[in-house]
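Below you'll find the structure, written out as structure tokens, and then a few comments.
Naming follows writing order (A, B, C, D and E), and every chain is counted from residue 1.
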Amino acid sequence: MSSVLSIRHLKKAYPGDPGRSDGSVLEDFNLELEEREFLCILGPSGCGKTTLLRCIAGFEPYEGEIRIQDQVKCEPGTDRIMVFQDFNQLFPWKTVEKNIQYPLRKKGIRDKEELEQITAEYLEKVKLPGTEKKYPHQLSGGMKQRVAIARALALKPKIILMDEPFAALDAMTRNRLQAELLHISETEDCTFVFITHNIQEAIVLGSRIILMSGSGKVKIDHRNTLPRPITPSTDGYGELWKLFHDALEE
Amino acid sequence: PAAAEAADTSVNLAFQYGLAYAPLTIAKEQKLIEQAYEEATGKTVEVTWTQMSAGADINTGIASGSVQVGFMGVGPAITGCMSGVGYKIFMNLSGQEHGLMSNREELATLEDLVNSDEQVALVNIGSIQHIILAKALEHAGFDAHALDANLIAMKHPDGMTALESGNVACHLTTNPYIYKEREDMEASGLHEIEGISDVWSADNSFIVGVCSAELCEEDPALYEALCQAFAEAIAYINEHGEEAAKITCEFDGTTPEEELQYLEAGTYATETSGVFELATFMAEHDFLDTAPESFADLAYENVEGN
Amino acid sequence: MKKEKLQSCFVQLVFVAAVASVWEATARAHIFGARSELIFPTLEAIGSAFVKNFASGYAGVSFWIYILNSMKLLLLGLVLGIAGAVLFSGLSVASRVFYYIYNLVVSVFDLIPGVALLPVIIILFGIRPSVIVFLVVHAVIWPMSRNILDGFAAIPRIYVEAGKNIGLNQLELLTGVYIPAATSYLVSGLKVSWARAWRGLISAEMIFGIASCPGIGLYINQMRTNMKNAEMYATLIVIVLIGVLVQYGILEPIETHTVKKWGMTK
Amino acid sequence: MKKEKLQSCFVQLVFVAAVASVWEATARAHIFGARSELIFPTLEAIGSAFVKNFASGYAGVSFWIYILNSMKLLLLGLVLGIAGAVLFSGLSVASRVFYYIYNLVVSVFDLIPGVALLPVIIILFGIRPSVIVFLVVHAVIWPMSRNILDGFAAIPRIYVEAGKNIGLNQLELLTGVYIPAATSYLVSGLKVSWARAWRGLISAEMIFGIASCPGIGLYINQMRTNMKNAEMYATLIVIVLIGVLVQYGILEPIETHTVKKWGMTK
Amino acid sequence: MSSVLSIRHLKKAYPGDPGRSDGSVLEDFNLELEEREFLCILGPSGCGKTTLLRCIAGFEPYEGEIRIQDQVKCEPGTDRIMVFQDFNQLFPWKTVEKNIQYPLRKKGIRDKEELEQITAEYLEKVKLPGTEKKYPHQLSGGMKQRVAIARALALKPKIILMDEPFAALDAMTRNRLQAELLHISETEDCTFVFITHNIQEAIVLGSRIILMSGSGKVKIDHRNTLPRPITPSTDGYGELWKLFHDALEE
């Protein structure tokens, strides 16, 4: 398998902000991600997870090098679709339906029926059928997040960057969407970078799990070899959970 | 419009607002220019009339060549001639009576005014009204600029409003406002300060027509037609006052009777009167940078008068 | 929504009635000297001048013609001004260099009174109705541009990022993100511009009236020159009526169907 | 930040130089007929008129006096206009009834050209420099109010709710939430108002010149009347310089230290 | 103990939105809350939890009656402080410090030292010391949420309304803040209404747990009598967890 994402010597500091003692949020950050990997990132609040994702997506200037499929990419592009942490990432001037269809149109899908079919399919996946004609401000927090997930998935990008996408969801919806992502990851040619605070979620989803320290360093980089599907009763789940839990406690 | 497009030549005229421009209304309504030109040459001319609120804009229009003929106060016209806008006076249009009205009893004479710090409203600083005031002051033995610091520039109707509502002490104005204010003498306790009519009457050139040098030189036929048309219009006002009043009253928002009264109070004539003298006075008192050497600096050869 | 609308209409009507009464009382008190009536006409006088305006026009030309001429120039100037503002502000989004220049241009030209530009305009355009159009454009384009530029700068970053993320190019970003996201600024700018255009038109026509294409500004100027204050106020009422009609009939519905529907404003 | 500032200055300087060259080339080409120089003076002529303005003034009055007089009236009108806009828009936040009325008042008065109000103003204020102040206020207060009203309507609901939640009363809500949250609208409104005030002042002084308190508008008018176009352009340059100075020296820093610092705009 | 919050026949429908089949988000909703109770609310995404909280806080018009300490309250007030679900609830024009101090000032605390001491104390509680001078846009998602929590706690209101306050936090920070809330609930005269998607969190914190159905009805209203401190190994935890988990699955 070839490397789909390669980060070398990434350094990121916000202007006008001394940040940590060393003056930057991320420093000499390195990461090689292979195709169809499902990378989960854990780490304490404020450690730089979102910052990392934003650098990969091309929203922030940085030092160092980020290559996507062996090409240096500094600008945002449709090969890496981001689901933001913020609730207000949908275009408020478009209905749910149009929010999903607009990027698809830009991608070249013009057929109205096909668009509607895709919309229906992905709204079904995120358990939101019937909300097509609503505007974002008429949705609850979790519903907005799910529409954003549907919008990203429908685009079928090479890399999906997700920033705590399930944080606002109840356990059941969360389980259903986890299963959905696993399915996509298994059947489609798609690489995931997935930020979560939920250790269980990271173990269930990730083919690889990174834990960042409070100072933005990679503290654990673990290849998850537990047999799928993984549940808390899977052999080895307990140890793995403890590994990450303890590392976070430190 | 179709006929207009097919016209052989065209001319742009610009003028301002008020009774003093009555002959233009006659010429416009009776199409005197078009007729005169066609009679003389057998060709047609398209005439465009533009009403501007400042002589300065007319000057710019002529200087840039988009206007060929303008009508304005004799003051700006003299300034234009001397600052090289490229025109000269080609005829006189009208003269109007001016007067200085006051609503303060203690201001009986110019002297009272000079010794007070009451304000005088007139249409613009450096305007012909300002110059008239300067002349009157000099005539009465004061410095021509003695009242300069007391001036308030505003349009005639605003000045009248200010005077009648007691907000300004004096108003120097012309036809028809001066007549309206005189009518109100009793009711509003206004009175006239003497001294203006000594130096300025309706016989003095007040509004003159100017014509670009290009038109004068390059199209003598049109130039002739213009002169003739306006002379006719002026003659019409003088000879058929009632009919003329009926035509122009609508534009001035009066009844035909009032209009006739106003028209008769003015002097409509083609001969200029006192232009050179005025220019000399202006040059002597800083209203003008360079003095004209002779009347020929200000007017074309055909113009009669001084 | 419906109820609020009614309530607002009611309050506004009561207010207008109150203002009218005060005006009428002042007018009837004759407190402004002998010509009080002339300077401060009663509502009756204004009303009959209003009727007369429409019934008989002025100088043999129907009042409708004045309105029509003005509206033609006004709309042309407004459309050109708004289109120009959108176009140039859009280019400013695409190019930083253009932004620096345009920002300066807006700051400078917004300061220059129309009359002062007149010589240049006359030189370039001659004496034509287009001069008035130009003055209207001059009145509209700079404040509108200011609103759009500032609106574009203030839109939440996340929308622009989401737009770039789905691969929008500069033009698509402009039409697909910047313009809808800044709609409340745009609508505000439209309201200001609409008023600017009216005022610009009246002043333009007052300094520059073309007898072959007489407009409302020329009309007002004539009325002022002739000391017909009742007619002048009646004409102002027409201007205000048209202006308010557009505001409540066109601009507010635009607001209701965009930013209000989208939950972006109250 | 620093670098961007430099870059922007550089671009703007290049642009100004380019415009100046085009002007000069046009002026030297004498393309506007025999009187080209009069109506389209060269930079040299404008430059020496600029120097002359300051050196000798006009009619025995120093040019500084004209500027000073204008600035006095301008600032007074600007402050009153802005204060009024903030005050009334603030009241509109507190009372729905007041909002309906004020919204109508803004729509109506924004449409009325200053000249048309002149008779009424003269009656109410007499013949004083305050008439000019009033006309400046009239030029400023309505567009500023429009910006504030629309800015208030567009602020995210959550800030107002957070404010109410911590027990802010109406006045505290206004100063503590509405005004800071709508700052980008306010700053935009300030920029527009500043330009409006200049334009309003010049036109006011042109229709209403007080010899005992002569201002720049009167000066420009004199230059126009006397066909001194070079002097007129030189005066315009002074106006533009002051205007741009305020824009870049006062308004932009305000922006940098508020909305930019708060991450509310780019 | 007297009833501190009493909701009777609450009905809420959003204008211009037909909503559910019955046309409203909440219908005939009743709730009596006693003083110093810690109420946790569970429920699927979009069931009306936030709506309920907003009605209590006084941000939404509604039908029915909501009484706070026996008084009908329709307007927002300092007796009920809300921590919103949205990340952007801090005033962006104020630093972290000022965001916390502003409401305190309004409450009447003027002494500068006292203010600083309170700020430091509560920032310490939410593990954010040293961020005093930052502006909200310079914080990560989880950090913003924690400042909002600190702001609410510092005010010591009668009722704290919290809408998924810990959703964006990592496990460790979450645990610490849970302990903090429990401590406050035990030592101070404060009633909590706490929305969460985390069943464990609800059991650990709640003295009473309500589970709402997808149609906005109260499905389970459970008084939590497990002995504190509660951990997953506490007797009875497992059954309780299963009870809620299964109810959510339905």
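One rule holds in what follows: a contact is a pair of C-beta atoms (placed from the backbone, for glycine too) under 8 Å apart; a residue touches a chain by one contact, two chains touch by 3 or more.
Since the structure is predicted, the reported quantities are computational estimates derived from the model, not experimental observations.
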Between subunit C and subunit E, the fewest touch steps amount to 2
In the chain contact graph, what is the shortest path length, in steps, from subunit B to subunit C?
1
Farthest CA centroid from subunit A: chain B
Any idea how many Å lie between the Cα centroids of subunit C and subunit D?
18
In whole angstrom, what separates the CA-based centres of subunit A and subunit C?
49
Find the geometric centre of each of subunit B and subunit E from their Cα atoms only, then give the gap between the two centres in Å, rounded to an integer.
81
CA centroid of subunit B to CA centroid of subunit D, Å
35
Expected list for subunit A, residues touching two or more other chains, is 86, 88, 138
Two or more other chains touching the same residue: where does that happen in subunit C?
32, 39, 119, 123, 206, 224, 264
Contacts with 2+ other chains: residues of subunit B:
54, 60, 64, 155, 157, 161, 165
Can you give me every chain pair that touches, using the contact definition above?
A-C, A-E, B-C, B-D, C-D, D-E
Residues of subunit C that touch subunit D when the two form their complex
7-8, 11-12, 15-16, 32, 39-40, 96-97, 100-101, 104, 107-108, 110-116, 119-120, 123, 142-143, 146-147, 150-151, 153-154, 157, 184-185, 187-188, 191-192, 195-196, 198-199, 202-203, 206, 220, 224, 229, 232, 236, 239-240, 243-244, 247-248, 259, 264-266
Subunit C partner, complex, touching residues on subunit B are 12, 14, 17-18, 28, 48-54, 57, 60-61, 64, 66-67, 155-157, 160-161, 164-166, 177, 180, 184, 187-188, 250-254
Can you name the residues of subunit D that touch subunit B in the complex?
32-35, 38-39, 59, 118-119, 122-123, 126-127, 207-212, 218, 221-222, 224-229
Write out the stretch or stretches of subunit A touching subunit E in their complex.
14, 17, 42-46, 50-51, 85-88, 134, 138-143, 146, 163-164, 167-174, 197-199, 245, 248-249
Residues on subunit B engaged by subunit D in the complex (per definition of touch):
54-56, 59-60, 63-65, 76, 79-80, 83-86, 119, 121, 124-127, 148-155, 157-158, 161-162, 165, 167-168, 286, 289
